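Each structure below is given as structure tokens.
After this come two complexes, each holding chain A, first together with chain B and then together with chain C.
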Partner chain A sequence: MGPDRAPRRPFPLRTRGAVLLVLLGAAVWAFLYLDMSFAQLVPNEGGLEIAQGFFSSAVAPSSEVLGTAVRSLEATVIYAAAAMSVSLLLGLLLGFLASTAWWSGDPVGGRTLFGRTVAPVLYGVTRFVIGFMRSVHEVLWAMLFLAAFGITPISAVIAIAIPYGGTLAKIFSEMIDESDRGPARALRAAGASGLQVYFFGLVPRALPDMLAYAFYRFECALRSSAVLGFFGVATIGRDIELAFLTNRYGEVWTYIYVLMAVIVVFDVWSGHLRKRFVA
Partner chain B sequence: MIAPGQASGFRLDGVSVRFGTTAALSDVNLHIEAGEAVALVGPSGAGKSTLLRLLNGTVRPTSGRVYVDGDALASLSRAGLKRTRAAIGFVHQDLSLVPNLRVVQNVMAGRLGRQGFLSSARSMLLPRQAEARRAYELLERVGIPEKLYARTDTLSGGQQQRVAVARALYQQPVALLADEPVSSVDPARARDTVELLTRISREEGLTLVMSIHNLELARECFPRLVGLRAGRLVFDESAGEVGEDEFHALYDLQEAEMLADGA
Partner chain C sequence: MSVAAHDVEARIAALKRERPRSRFLRFSLGCFLLLMVASWVRGDFDFADTFSAQRGENLERFMMTVRPKPLRERTDEGWVAKPWDWDVAADWAGERLTTGVSRAETEGGVEAAIGTLAIAILAVVLAALGSLVFCWFAARNVATPQPFAPSASPPGPLRRWAWRGVVGSTRVVLILLRSMPEYILAYLIMSMLGSPAWPAVLALAIHNTGILGRLNAETIENVQRRPLVALRALGAGRAKIAAVGIWPAIMPRFLLYFFYRWETCVREATVLGILHLASLGWLIDEAKARGFKYDEMVFFILLGVVLVLVGDVVSAVCRRLVRRAS
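And now, the complex of A and B:
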């Protein structure tokens, strides 16, 4: 094959260079637009005092509030667990409806009316719904629900569960759709139904990743549950806010440390579980 | 009507298959009797896989007719086609097992096509003793009974292949189709696998159709060889009759043809 007939590189280096330049330009423009300067990071006198007080307390957390901290932490974990339970149910159900692999494959004897019309419509509607659920942050959902129903446990749980359920549904459906379709095709060829293909050919393959992701979201739920404390929900965030407003930085650090401890514990736990499922 | 415990025959009447503008098979006529063992031979891209997939109804002919057990596949109802598919075991080239399930679950997945959703969920999660015993017996037949509860991806390639065979047998099939089952294992194992499939099909009285590009092995293990090249049936003879000429007819590719195949 002569050099004149050599295939052209589909994405030439010059184009890549141009794309990189555009991205760099966008970053510079963003800095200029926001009028950012490092001088803004130099605190004023009062601010410096607060910062000094806050960070020097990092090595001197208050042991007096340890009991309160543990009790609040318990509430934080329980809120997160309740929210994750609802989110998981939503995520599994909507994730099923938002995945295509179980109906877009090669059904027995061609697509049925269900596969041609109902399933794609259901898929589109579900994608829209989970997009909506995710597009509003849990803090905004919380503001809405707390205003509407008052500061009740159920409104806090639902505020977290809506965006989390949407996110889980999106990620679960993508993990399932991207897992190897070989087994699914084989089961189809042997007469299995879409539902059987989904649960026995596709989900098992994606399950370790789904589990790991659910654990990660639980970690996020712990943080969200803590943050809702700033809105008056009885989680550790409420204690942090109170201690911070009354300049008791030592107590703030106690709360932060116990929160960190529980997140590390969950991280180690999920690591072990993942190893067991993947290895 | 296809029924378990009774071998089924296949017939292709003037079958052509086109994928877009490429002709995968052109005007193929083939009759396979119930209980026969047939090897499909030919270079890659000859249409062997397409032919196999016609036989279990996962590929439809562009023209011509496919009969399984006397029934034209095109005239079967959805339920009928599902029944037919459930009765045909297929050993895929890439095995298509779920790697992180246990061997017993992969074997039991063979019968999904005959079960409703709830009963299949029960079988997969809480297999009855009789079901586990049946899976164990099949694994015994393919030579890896000790792997019943092993995770499938801890098995070697050759062992996983046996799991795929056991899954196909768990279907209680009337016919076994195997697509290049030996392409991914070493020559010694290849012979073992081919012999295993021919022996089991003989013992169970199953029709066996296997695509295989090792002509030597095909000639030794199968009474009947069907040669395909570029989508056309080149020969259909008993193993003894297949000689050097046929071999050359299959594999002596012109250089131009190889480039055209993208080989």
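And now, the complex of A and C:
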């Protein structure tokens, strides 16, 4: 902290060391708090048997259930895609309301009465709603729906769509707010209205990034959709659970490989999209 | 005047032709839209059933049982609400927060919430360490025969292919690590290990190693090349360049990703408890399993919301500090 300290020296080494030490210390605390020991990593007799059976089947996936696997996979993709369609609508609508660019000053221009009164309230409420949608996990939404009116295909879709819609809205609003303001200013100078500036100056700039991000979320939705299989939805997770409970490990591996294959495809695809559009 | 107008139109048409377009992006968008429409056509979605009167009644009954138990009473017609009393509700909530649930091995909601945070911290630290092992081998600028060589004398094809193999196989490993959902990983690990914490920690650590490994590799590939070339010219080898040239440069971003993933881990760790692992999810599941105590279930879910919001705020503050410091 001396006067000879260089003014813009980024992230001094001593701070870095301290940060890393704090993080490692936190991990040690967690280890102790959870009463963990490395001895617990050695499976007991029953666990060892399961582990041996399970891992030795990795090279011998069952080909008999391939048809079932593909059908369940189709269901998994259907739930994920249907959920994405709903969450995209939610995300676009709420993302619009949760961005600041459409009401708070530049480039939309000086604040109107609406921009000073109604808009900030609307913005705050939307932020709150988005935060709540996001902070309940899709599995918990599914459990709530299950309890409230039984799980149906549509409630499973909505269980995924709510938290995903919230996340999309948050990211979309940030992308819109951070997009380049140049075109928006030009439109403003040419006499475009606030909403015109927003939809023709700001949103198009952010669209490729938004699409790339939505694609990435679709990959996540595939995983969520598979997991909901453990909660009574007819996706591939249900087959994994059933096969595992009845010790048919070869079949478990078939399902795992099929699921991994489709997730890897979308992972690579969305990775390429993001590399090109998200800096 | 008309000539000028014509010019303007021609110019607009030219600009429209020249605007940036990507076939790949359009193709992806097309596939995406098609898939979403197809899913509603192919899927077996029954609107009449979902919004039937019986499900409406179920919902009504559920809304009543969500009220804390002391605030409703059973009559011949089922549960009836008592007038809302904040003191009673607060007592009930306090009891849920601190009273042990023997089968869930916790002393109540607070302890389970701290356990959830602990699982998330340990998992993300393990994942960060794991990713720091993998990321160097997945970065194309480091895993190459002559990294940052000022004047590249072409290396033999064998060495070039060997290094390409290293990059490719590391990336495949990372992709496989992150492709499995944490919940399924935890489910599988849990059947082999009896411990209430390790399955959740390992599942989260494995999945996030794959994610952080990829993100760190991308960061390494984006590090400014010239200082590293200078280091190389001074005689530094691969390991030295990595230690004094690359690591200091990627550290801020490494921390940003670290906190971002920790945030997600808190969310996921909550849910993994449903598998009877040491987190809030255990209480959520117990509440349902012990006679459908939906009041408790909803209470613990809301506690999870608070926990996630706390995680978000901590993560946001840490990330802002990192941004400001770098």
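Simple rule for what comes next: the second predicted complex is superposed on the first by the 238 of 279 C-alpha atoms of A that agree within 3 Å, B and C clash if a C-alpha of one lies under 4 Å from a C-alpha of the other, contacts with A are read in each partner's own complex, and residues count from 1 in each chain.
Just so it is clear, contacts are C-beta pairs under 8 Å (C-beta built on N, C-alpha and C of every residue); 3 or more make two chains touch, one makes a residue touch a chain.
What you are looking at is a predicted structure, and each value in this text was computed from that prediction instead of being measured.
*Asks:* Put chain B and chain C onto chain A via the superposition and say whether they clash or fit.
*Replies:* Here the two partners, once superposed via chain A, clash with each other.
*Asks:* With both complexes overlaid on chain A, does A:P208 touch chain B (first), chain C (second), both or neither?
*Replies:* It touches chain B and chain C both.
*Asks:* Contact-wise, after the overlay, does A:L73 reach chain B, chain C, both or neither (first, second, both, neither)?
*Replies:* Neither partner.
*Asks:* For A:A30, decide between first (touching chain B), second (touching chain C), both and neither.
*Replies:* Touch status of A:A30: second partner only.
*Asks:* Does the superposition put A:I154 against chain B (first), chain C (second), both, or neither?
*Replies:* It touches chain C, and chain B stays clear.
*Asks:* For the overlaid complexes, name the partner, chain B or chain C, with more touching residues on chain A.
*Replies:* After superposition, C is the partner touching more of chain A.
*Asks:* Of the partners chain B and chain C, which touch A:F199 in the superposed model: first, second, both, neither?
*Replies:* In the superposed model, A:F199 contacts chain B only, not chain C.
*Asks:* With the two complexes superposed on chain A, say which partner A:I50 touches: chain B (first), chain C (second), both, or neither.
*Replies:* second
*Asks:* Thinking of the overlay built on chain A, is A:G191 touched by chain B (first), by chain C (second), by both, or by neither?
*Replies:* first
*Asks:* Going by the contact definition given at the top, which residues of chain A touch chain B in one complex and chain C in the other?
*Replies:* Overlap of chain B and chain C footprints on chain A: residues 208, 277.
*Asks:* Along chain A, where are the residues that touch chain B in the complex?
*Replies:* For this pair, the touching residues of chain A are 106, 108-109, 112, 182-183, 185-193, 195-196, 199-201, 204-205, 207-208, 277-278.
*Asks:* Across the complex, what residues on chain A touch chain C?
*Replies:* For chain A paired with chain C, touching residues are 10-11, 13, 15-16, 19, 23-24, 26-27, 29-31, 33-36, 40-41, 43-44, 47-48, 50-51, 54, 74-75, 77-82, 84-85, 88, 131-132, 134-137, 139-140, 143-144, 147-150, 152-155, 157, 208, 211-212, 214-215, 218, 223-224, 226-227, 230, 237, 240-241, 244, 256, 259-260, 263-264, 267-269, 271-273, 276-277.
*Asks:* Per the contact definition, I'd like the list of chain C residues that touch chain A in the complex.
*Replies:* Its residues touching chain A are 22, 24-25, 28-29, 32, 35-40, 42-47, 49-50, 55-56, 58-59, 62-63, 114-115, 117-119, 121-122, 125-126, 128, 175-176, 178-181, 183-184, 187-188, 191-198, 201, 214, 248, 251-252, 255, 258, 267-268, 270-271, 274, 278, 284, 288, 292, 294, 297-298, 301, 304-305, 308-309, 312, 322, 325-326.
*Asks:* Within their complex, state which residues of chain B touch chain A.
*Replies:* That would be residues 56-58, 76-78, 81-83, 85-86, 88-90, 92, 94-101, 105, 109-110, 112-115, 117, 120-121, 124, 168, 171 of chain B.
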